[in-house]
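Right, I'll just put the structure down here and ask away after.
Chain naming follows the written order as A, B, C and D, and within any one chain the residues start at number 1.
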Amino acid sequence: MTMENKKVTDLRDIRLHGRGGQGTVSAAALLALAAFEDGFESQAFPKFGSERRGAPVEAYVRISHTVIRAHNQLYRPDAVVIQDAGLLRSEPLLEGLTPGGLIVLNAAEKPEGIDDDFRWVCLPASQIGERHIGRPLPNTVLLGALAAATEWVSLTALEQAISNHLASKGEAVVKANIEAVREGYELSKPNPP
Amino acid sequence: MDNRDPFRYNVLTSGHRACSGCGEAMAARMVTDLVGPDAIYINATGCLQVFTSHNQQSAWQAPWIHSVFANAAAVASGVEAALRIKGKETPVVVQAGDGGTFDIGLQCLSGMIERGHDVLFVCYDNEAYMNTGVQRSGSTPHAVRTSTSPPGQFSQGKQELKKDVISIIAAHNMPYAATATIAYFPDLKAKVEKAMRIKGPRFLQILSPCPLGWAHDSALSVSVSRLAVETGLFPLVELEHGELTGVMRLAEQKPVEEYLRPQGRFKHLFANKAGGVELRHLQALADARIRRYDLLNVDTQWDTETAMQSERHGRGGYTVSSAVREVK
Amino acid sequence: MKQLLEGSLAVAEAVRLCLPQVVAAYPITPQTHIIERLAQHVANGELEAEFINAESEFGAASIVLGAVAAGARSFTATASQGLLLMTEVLYNIAGLRLPVVMICANRAVGAPINIFSDHQDSMSVRDAGWVQLYVETNQEAVDTLIQAYRIAEACGLPVMVCMDGFLLTHTFEPVDLPTQAMVDGFLPPFQFSRTLDPVRPMTLGGASEADNFQEYRAAQQAAMEDAMPVIEAFDAEFNEQFGREHGGLLQPCHLDGAETVLLGMGSLMGVVRDVVDKLRDQGQAVGALRLRCFRPFPAQALARYLASAKRIIVLEKAISIGAGGIVAAELRAALHQAGITTPVESVIGGLGGRDLTPDVIEALFQKSSENEAGATFRFAPDHKSLTRQNEEAMNNG
Amino acid sequence: MANLEIEPGSSTAYHTGDWSIEQPVYLDKWPPCSQVCPASEDIQAWLALASEKRWQAAWRKLTERNPFPATMGRICYHACESACNRNHLDSAVNIHAIERYLGDMAIAQGWQHESVDAQPQTQSVAIVGAGPAGLSCAFQLARHGYSVTIFDAQDAPGGTLHSAVPNYRLPSSVLAKEIDAILDLGITLHLNTRVNEDELHDQFDLVFLAIGTQQPRQYRGDSSNHSVMSGLDFLRCLNRGEPVSLPKQVAIIGGGNTAIDVARCVRRLGASAVVVCAQDPHGSHHRDLATEMPASLTEVIEAEAEGVQLIYRAGVRHLVRSGEHLSGVEIAHVEHVHDRKGNFNPRFFDGTEEFIAAGLVIFAIGQKADWQGLEGMSQANESEGVWVGGDAVSKSKLAATAVGSGYQAAMSMMANLSGEISVYQDHKKSKVAYRQMQLHYYPRQPRCEGESLEQRLDGFNEVVTGLADDDAVSEAKRCLSCGVCFECDNCWHFCPDAAVIKKEGGYTIDYDYCKGCGICAQECPCGHIDMVGRSSESKSPQTSL
């Protein structure tokens, strides 16, 4: 896929990495839902295949001003969300990331040896998630961070998406995740110039 | 519709094209008249289906459907589910041969039982694929000649044993599973009626001689099936939730040879020494079954002698279980 | 109101709205989310139906066969190996003329085992006597499922709604779910004249002989032909009531003045549309035509749409091994019958989940030496090598 | 035609009956009991009625052929039971006990015989002899409306039954009541009357001579009458109640039932009895030589139980006297008593002699008819309007034979009088042997017996009592109904083709569908169904109603 194509449809592509059980696909769905709440067209889908707990997982989100018709895979993300920094050692997580693209990483600090072309947001999302949710779930924290860093989706929309999508899991879960997404958002707001 | 007989429905009526003396036709007539016309019948592919629905002429006088060979139990599951959701209590009965039960149909049958569908599954066991010309099935007994288990220099017929399907069925925590045969109508009637009083999956395996495949005189279908019981080769048992709850005691044990002699499918066993070994093997199998079910000593309501008894003015006909169900 | 829903969940909602009384299925990727959701609906009391966990797809198909014969609207879903395991029963359902509706979450057929999307499964049972509708989006899957019951029950034909596994089933997209009242207004309650019932006993599925079997097949063929205007009419009626239509049998895209037309089925047409838009912007006279209804095969309508094309490309995600493209072959026959001599380029791609990217589609529209060699068919180029070539070309200047 | 649904029962348009080679037919057969019954009783029929406690109907069915059930139930030697197919399953049905039960019930209830034809006939018939043959004939004729007059030389009716059957076997009151019931049909009886040929010819249209055998055959070897008497005279004396004094030991010569009766009476009078008979004992006979002892086995066994001594294959060489006083008989092994021409000509084996001490010898070696006054009629035939029957002419001297003979005569006479051919054609139906039956369909069940007296030698009381009520029913139910449908439903259940249709009281075979498999015939318990070659005429439905 070429950059020209992207301009035609004004797409924003996001790729999410994690391990089975970390809520990676859920995060993609939440992100697409939030974009949809904000009035965009959106689409989310997992890297197709069977799901195995602990195995590397990928999911994708397309956000666009216009109707998304493509149902093929996504190769040139504008942002990559990494839920487990350990995966950096074994998986080509940054492959296809557009120059100047954003990396949202679940880590206390930026690992060494990463290309300076990319923008970075690092935060200990598992710890934050554990504090709010009771389990080390980084996904909604990282979504908050992504929203803060890119402004592709609003915090309100993310909160709304969480309320809708996780409603079946109970109010407590919704509340905890909203707190988590808020903290991730707050921590990642760019410093005022 | 045919109403010639004032004393029964003839759910399976005349004009069907079964061979002369067909044990399966007889068994099916007994079962379906006991269950009655207020039921839905599902038939697996096989002789019964072919000879009763031949070319735009049907011998059935109740709702009846045939789909394919293996799926009768699954079709019945669907019919039963549909009736359940509609709040109807119409009984559902599957009829299949031994192929459609022991072999190709076993998976669907197992699923039907495991899911607890309220269906009576009746297997007319004639111990081979008769519809296609007498090929061996999982039900074919040891040493039987079929067209795919022929005797020869290195063979005395089927090498393997008859599959113990009733135990397989019973192992499903099955509410009711029983064996029966056409020779003992009162016993068969009691079992069908009992089955119809029970809710959930129920199974009847009815030994139904095939004059063509067993190569016996067509007049001997009943006699031969009786001998199968009297020799101990085909024990008549009832199992409820896996427990043995009923047995037909043998008034006396007859030697298997009495059963084997009239049947051409065992003829080769009488021809040479190797056959003689198999005769002793078959006797040993009968003895083992007698021991397993304690057929000679068990305390039962009936035995092979008393269950045979004819009575003046019959033993009751076909007044029937659908009525029993309505009461329940 | 539009919602962002996973495709499986969206069609599960559509199934629920059609109020089937019996749902039977056996799990197989990528169909599982559909039946899981339906099981949950039944468990929650949101759908008053019997949910039957079949022991196999063969059993599942047989269960819905029985349920429909007993007068209950029913549903099943499967894919791939599961569909092939159903094959015998699929023929039987069609032969018994039972209006069963199912979803095939299209997936490749092994070996080697592969869980990803292509159309080999449903194409393999194309002769079984089922109406086959291939959908492009999850919205269309929802709408088509509702139409499918109407078609099946009006025509006495079973209908298979084919939606690409993963590409649709596992993708979250905005979908407008109709209300129960709207669906009820479109889909009348199920009435089946041949219901198994002691009140009116009948024999179904009897044996047939040489002197009448052919007549059964002729009747099925006639019913299929009669179904074509019905499918179109119901899509139009659906449009009136719901404000959405999906082309009936065929859906054109920029066919006006198109010299090169690409014909395809299913979700791949989204990327094709993007590419056609782009090439049109560049001034190229390209267009596309989506075959929504593969069975019955709309030969005459296809010939009408393609009469003025100068070049026809058929891209399909299945292969008749030993022959080539299936849709292409049927299209060639249809055009030949209509006296149209335009050559049909047969391209097979997307097998086993191989991605059909815009680059690939664009490449197909370009004339290549391979096209002109007059091959019966060819495989689509691989997207990765194409991307590499493109990048190299850009880098080189 | 591509119908998606097929009409129920439409297969009946296809007639599988065309496939058959053989076809079953229902056939009422003649059970072995009736076949051997000298009176040709329809035993199966009256047992069937008895099994349903339809007692009077059973009695009426029985008396159609034999108006002496209470009598015959006691004294008949019941060949029916020896022939009973049930012997091949467990033991014969106790037919005679049920017969007696019915007869006793009829007497107790005072049941009257009914006329068959309401219309009286104009012709009149004379019968000479009021024994079982004469009374049987009179009974049939009277039932059919004929005027009947019986002449008898004795002072009471019953013939030998009255005069010579001991009371311990047949109380005289039982016989008298059965005879009264017969006479109540309007029969005129002249006792103490010897009628002559001319009277008979003048006054009656037809004559039946049933004069019996009232003259004992005499022993030829000794002209002295002292200490020698005939069995018949001995029994007559007893039945008349005349005092009889006996020596300590009595020898009885003869192998028939009279000999045994005499011996058992002798035992009851306190003397010892030795029976000398020329024949073989039962069970080791040479059938070709006709040397089986003619006495009923049951009677012999009873006699032995009562202490009667039996010597077989022996004959009297001469009486041994010391002066007028009889001291005994010398007996020897006898090879034969009659020669090939049938003349009395015993052949003894020398060296086998034996002395039997006896103070009295009673000869029970046969009886003959007394034709005095009827000599001209003794050779007459039916064309002259004269029928002869009973013991006087039949070889078998059984009372039941006499009853049967009277019945046959009556039927023949009525046919003669009405000019119609007799419709009574017994013994023409095919027989049914146990091999043609399926005995495993019948439950085994022990036979019910009447009780025997223990202190039997104390007097002439009846030795055997009748059956209890419940026993009579269960015993009647033991009947296998050989060759006669008893509606067990087997043919109906087992027909694979629904070609057997059940109707009220029986079955019909629908030959349109019968494939002729033969299962119904094979599984019919009682052998009622035969398989016959298929003929084009037998296409109409055949019924067993």
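As a working rule, contacts are C-beta pairs under 8 Å (C-beta built on N, C-alpha and C of every residue); 3 or more make two chains touch, one makes a residue touch a chain.
A quick note: this is a predicted structure, and the numbers were derived from the prediction, not measured.
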Chain nearest the overall Cα centroid: B
Centre distance in Å when chain B and chain D are each reduced to the mean of their C-alpha atoms: 50
Length of the line joining the C-alpha centres of chain A and chain D, rounded to whole Å: 113
Gap in Å, rounded to a whole number, between the CA centres of chain B and chain A: 64
Between chain C and chain B, distance of the C-alpha-averaged centres to the nearest whole Å: 44
Set of chain D residues in contact with two or more other chains: 1, 6-8
Multi-chain contact residues (two or more partners), chain B: 53-54, 56, 58, 60-62
Chain A: positions in contact with at least two other chains: none
Set of all touching chain pairs, with the criterion as stated earlier: A-C, B-C, B-D, C-D
Parts of chain B lying in touch with chain D, wherever the complex brings them together: 1-2, 4-8, 10, 12-18, 20-23, 25-26, 29-30, 52-54, 56-62, 182, 185, 211, 217-223, 226, 305-306, 308-315, 317
Sites on chain C touched by chain D in the complex: 96-97, 194, 201-204, 206, 212, 215-216, 218-219
Residue ranges of chain C touching chain B (in the complex, touch as defined): 21-22, 24, 48-50, 52-56, 58-72, 74, 88-89, 92, 96, 196-198, 200-209, 211-212
Complex interface listing, chain D residues touching chain C: 1-2, 4-8
Chain A partner contacts - residues on chain C that touch it in the complex: 2, 4, 6, 29-30, 115-117, 137, 164-168, 170-174, 267-271, 273-274, 277-278, 281, 353, 355-359, 387, 390, 394
